């Protein structure tokens, strides 16, 4: 169960392109499992920013009763505000939230893929995996060298660590997916964990699929509440019953089995999703057009066929 | 001419019930004259608070090219935000604004009346008055001892200094106006300067009127822009031509000749004000009712007789 | 002594008058991780449709200054699942439940009301009139007094006599009193206002509407002045009709503002997204506000701002 | 190379498309202490009435979350004083001037337009339709398509042919496109939107309306999503009618949002109260935004968000 607390800023420091923020938050630290995230209310008591900001937990430590560390990029107004904080400031913090990374029962060869700040949650996961006797290979990426987070730690702790950057300033030039197959073959990967932008995850899932390797993907979808009340963070995901549902990534994720996420339909309502306009509980098509003609509801829905109010 | 600058916080400290904030603001410090004020935008880059906050300048000093000190009470969200600042923070600051206290040409016996943070602007004024050979007597007040600002300085620099507090915790019990007549008689006061809430100023004006002593009153009326563009800070003031106008206290004040302010009509539109519904340029009454029946437009105006939109 | 915060909703006694607004409290379970749902005045359900409904594609939310734009599009499990799963759960936890209903035709609304009448534990029905009217090119019912009234008449006619029916109004109209009037005439036992304002945001990076649904409903503190005005106008016209006031309530002080304007109950919406324990915090803060002004019963401040004699202008005092 | 920011208003070339909104720039002199008024696209005057007018009693302003409520009530010196003092001053400083006019009857509006037609240096007339209609119980003209159209027809009929007439619309209507349509049909050369939203605040200390005028107009970033939506809807209906977009513009990015939605010019209002140099800052920031997206001419982005093919969803990229 998540808790809501006022966490106190212990330290805030620059790490290349990112900021690392350590919060004193015992109630969160003690419950946390790798892959879970926290949300923070930003902007102070009279804030104009109503959405909570979600961050993967990078590290938890026992000092001060329990601290939680996040690593973030100051990209928009909320994260810029966070970057302006100082020690002893306090933050309305909720966590731990979401489904953690599942850990394989038996020792396995695990490949951990992180892009940008997506690498942050992988190190805690790796520690847990190693505790259980698994091996960890890292594949980290980013736009440029200063946006590859944690390469040093990966080198130190991983069985192997590969890096790819878009501009080639560190490691191979290109996307992390360019290096994937080679690593999979060399490391005889059993399981992949990935935390990256949606297009990268989609590609990771496709490649892994060809090798029949299960992928646990942590998705980065815009969130507002993080607790499941706003229905803002939805993705189309197929259940083990074969039915596609529009699920909330904050409570049903952020970690999903990548083969169940309908990556090509992210940002759409697939026509065969439970409760979609064309969907029918009895398996009949509601309208006259054949299913493939109805396609998906994409982007701009004609007004009048939808409700803007909630 | 006022300027808009980013002032840097040099120091912020508690002074009894108040906070004293010193800003590095050379362009304002060099132009400032006692009685003028500055405005500050509060809440940071994504602020939800659009009104600028007005503060009398308490002190200017030459260090760092010129600093400006204000003294404020953290009473609402904007001033609470100001109270949370730290050295080196920067503030969008505009000043110096408004009409300063006029200084008598000839040496005079001046009584300076301040209530609460209203005392703040009096000390710079006193220095200027003494430079011109005038004497200064102080009469300071507040709800309680810790809300009387600057009594020590007043004792040190003034010819005399009297104090009154509502709860009697410092000086006489009651309002400053209770001590006024005695001081006026003893000090043979020629001119009064007063900075206090409107009801106190009204009373000061009434008493001084009986002794025929001119009062320069600095009014504390809610402001939003401080530069004259919003028309929010209006008061009914009679001109030397005998015509009452609805004037902006930020540009036509904050210092007014107290005998010209229509204290009883503050918060109303007197029927005989220039441009009031009953007013006519030719001195005839527009309607059928006698003037005294039309009264003033007070408080809630029937909708439809006014425009809410600007 | 803390003030008496109780309220009455038809036959149901509410422990307090701070409710959770429709669509902002999930199915109740999400909220229960942070607060005791039995201590919320009542939980207003997400608007329930007859069938399961996916809602709109993502992105569905955009942040705006002191506001939130949403085009969730009434995603929900449908009435069956609600009655089988969500309602019993809420009742088992001791919550009082107002069921918000959403239909695209008058018949659908009537059918939903009938279903709810066979069910125990429904404290009231809130009719979400902002739903698109399938028979009128998708225009929300709430925009037209006559259409709004027809929906309310149908729901009132189908709902069990002892379940109060509240009409939830949209502020996107020239004359909200006219819509309120039509709903009251059609038998509404109470009014709920305001729903979101029609708004839009453009993403400067994609240069396209930020929401997949293009338009969104604007909520949050940004709209509070509109909510206060609407509550005030409707209260002035119908001083005896209970009003659930919502729109930008963030603090106890905001709740007090709506009560003074004439709301008899308060619903907290967007602030739950921002602070999952908002309902209990707002209640506590409201108690403090009432204590500060020396009021024993929250009910005593309802509509007080309409008093004839101005209490004087604060800044003159 | 900085983008070409020019715009055209009837026969007048504007150096740029960032204007100061009516009622938020004083008589121009106040602004000139902080920025060069010759570099503002145009100064839209405070709405001018025929006679001097005191406006409403104080308090006239209340701060709300990301917004401001005002009931200034059109305080002003009247047309004579404006023509003798304020207009010549602005022209002497090299500013382009749009004169906003306010009347309480159709005849008054027509009379004001006639007066302005005898005057040199009026780049356009903006008709403030939110004025209370004395012949209709004080209902603002802007709330009724037919009444709004009548005012515009009268003004267009009285104004010199070469002075463009812009109708300033209120968002407080069920169907803003219907009002826009009536104004265009009546001869409006352009539309200005949006004016403030009707709102209200209660002072929790006095327990009375915070504004002496009770109701106030809500402005500022809080209302931007409503402004974007209104501009979008009107642009979709009348792609060839120039729109002055206003409502919560605080930054160059906000200005870009309104341009993309379909405004051809931008008016900055409340932000001038918050930042006296807002007009020049917004212009500079807009130039930077345009440079970032590689646009040579501001005019090229106008209405671009209406493009048919979605450019993809930002967060998928």
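Things to note:
All chains are identified by letter, namely A, B, C and D, in their written order; residue positions are counted from 1 within each chain.
Keep this in mind: contacts are C-beta pairs under 8 Å (C-beta built on N, C-alpha and C of every residue); 3 or more make two chains touch, one makes a residue touch a chain.
Just so you know, these numbers come straight off a predicted model, no measurement behind them.
Farthest from chain D, judged by the mean position of CA atoms in each chain, is A. Centre-to-centre spacing of chain A and chain C amounts to 33 Å, using the average Cα coordinate of each chain. Centre-to-centre separation between chain B and chain C, using Cα means, comes to 44 Å.
Chain A and chain B have centres, each the mean of its CA atoms, that are 55 Å apart. For chain C, the set of residues touching two or more other chains reads 58-59, 65-67, 198, 208-209, 212, 215-216, 220-221, 310, 313, 315.
Under the contact definition stated at the top, the residues of chain B that touch 2 or more other chains are 46, 48-49, 221-222, 266-267, 298-300. Viewed as a network of touching protein chains, the structure reduces to a complete graph with every chain in contact with every other. The residues of chain B lying in touch with chain C in their complex are 46, 48, 197-199, 220-222, 266-267, 298-300. The touching residues of chain C, counted against chain B in their complex, run 65-66, 221, 310, 313, 315-317.
Put simply, chain A touches chain B in their complex at residues 43-49, 77, 80-81, 86. For chain A in complex with chain C, the touching residues are 1-4, 41, 48-52, 92, 94, 221-222, 224-225, 227-235, 246, 251, 266-269, 273-277, 279, 281, 297-310.
Within the complex, the chain D residues that touch chain C are 58-59, 64-67, 69, 143-144, 172-174, 197-209, 212, 215-216, 218, 220-226, 228-229, 232, 248, 250, 253, 256-257, 260-261, 289, 293, 301, 304-305, 307, 310-315.
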